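Each structure below appears as structure tokens.
In what follows, subunit A forms one complex with subunit B and a second complex with subunit C.
Up next is the complex of A and B:
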């Protein structure tokens, strides 16, 4: 079980990345998918997921669809055009972050 | 095991008991709880509905649904401000800008009439405040009635009908200061500023208390894909 705090700042990027791969998803599906992909290492808490989704929706990165599934209404989220562009930006930012962390944590020394 | 219609009803009630007032927020949480309860039952079929529900609710943490509600409210307030802004902008583009600018100058000339200018300002303010009080009361009543009729309280609808009214409380608190503005009218630049301020105030109140409530159905349909079939 890793330190959940380390993942905190990346929640929005994780959501965007998942939506880029899956067309449309609903909240519960996202929590399950993350759990499955990380083999339980990362658990998105409900109290953090929905605020993040609503924030992304307010920023115009996500669009909403509602469908009746069985006896209840289900809200699906999908990327808008802007959302697709922003996903690419955020993923490259994250990659930079990972590289920087890598350098800090595990510096490679050279003779130059 | 799947949840029955009655269970879904109970979940709506459960969210209401946990301070989720608005139907759109409730709906998302109900679906989440329902999915989770079904999964909990798969692993542990002996649990009662209430036990499974409470297990699922605990995952939201000590603050329960509060974070979700707060963020949703922030998002919707932002949306509401955007709507106001989009209407307000129209008054600064042709052809409406002609009306806006000429209103400013009409006020400016009326406020400058010797002796009577400030009385004109006072009567405008009195008329304006009376209009706001009556209109706000009407809108709040109308909203209450709609919630009773449809048994659904949508967040954006609530904001459209109530927020506008509560915004004007700020003005009521400043009535004294606003009336005192008339004392500044001996200087032309202040008179012009007061004219601009009056026109802006009238525009914002007209947009928030008249235009937007009248267009509420349209705005709600655009915001909530589920609005049409949830209300039938």
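Up next is the complex of A and C:
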């Protein structure tokens, strides 16, 4: 498993990206999807996931839908209109960050 | 393997015993634990449910549910205040500005009908007392109620308690003013302005509370709110 601290600041962006691809998802589904996509490299703890989801909901980026599943209720999260716009912004910010890190970690040879 | 009602109830009781009393927070945690248990029961049908719940709780975070509840409470609190102040702000922009001016103008005209302005402000204090009484009844009936408690609505109650305190301060301010100050029109207008602001603040709080209640009713149609 990689260094989880490196992923910590990207949790909200990861959630937004997943919701942009999956219409609506519930908490446990998000943790499992991340585990599956990263082949177990990144494990989101529930203690970090739910506070992040609640923050995004409070910021108006996520909408909530509650549905009955079997003998219990399930809370689904989906992107709001603002959430869709914010996802694009955050992904572009993350791309810029990755490019900068790439330049720092692996700078190209230059004669200057 | 789908969990039985009894197994779901066992998770519910455990989370409740851990201090999560609010329905909106608890429902999500129950589903989370149930999803984990269902997955593990597929592999191990004779799984000890209670032991597994405790194990999964330990994995949740270093502080159990404490951090989750704190963050949720903070975000709900922040959102409620933000929406209320946004609604209050709208009373100072068109078209709602007309309502604000109309309330202020009508109360000012009413004040002019009173020869002794102190009596007028006593009347406003009476309105304040009615609002306080209404809030008090709502809060006390909620305490013994068997209705499910929602964090979103609980915070709104706290906000209404704040308005309650502000009205108490307003009512006290009438008592503290000297007889001489009631003859000064500027002081009376400032005092009236404060009352209108409080009234609009109360309106905004009630409006957001009502909106939250409607959202909860929509999200949880079979739950008594």
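FYI, the second predicted complex is superposed on the first by the 111 of 112 C-alpha atoms of A that agree within 3 Å, B and C clash if a C-alpha of one lies under 4 Å from a C-alpha of the other, contacts with A are read in each partner's own complex, and residues count from 1 in each chain.
The working rule: a residue touches a chain if its C-beta (ideal position, glycine included) is under 8 Å from a C-beta of that chain, and two chains touch if they have at least 3 such contacts.
In this text the structure is predicted, and so the values were computed from the model without any measurement.
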Three-chain arrangement built on subunit A, subunit B and subunit C clash or fit: clash
Touching partner for A:54 - first (subunit B), second (subunit C), both, neither: both
Partner chain(s) touched by A:28 [first = subunit B, second = subunit C, both, neither]: both
Partner chain(s) touched by A:46 [first = subunit B, second = subunit C, both, neither]: both
First, second, both or neither for A:66, with subunit B first and subunit C second: both
Doubly contacted subunit A residues - partners subunit C and subunit B: 26-28, 45-48, 50-51, 54-55, 57-58, 64-66, 69-75
Touch list for subunit A against partner subunit C, complex: 26-29, 45-48, 50-51, 54-55, 57-58, 64-66, 69-75
Of all residues in subunit B, those that touch subunit A in their complex: 2-5, 8, 27-32, 34-36, 59-61, 63-64, 67-68, 70-72, 74-75, 78-79, 224-226, 229-230
Subunit B partner contacts - residues on subunit A that touch it in the complex: 26-28, 45-48, 50-51, 54-55, 57-58, 64-66, 68-75
Residues of subunit C defined as touching subunit A within the complex: 2-5, 8, 27-28, 30-32, 34-36, 59-63, 67-68, 71-72, 75-76, 78-79, 219-220
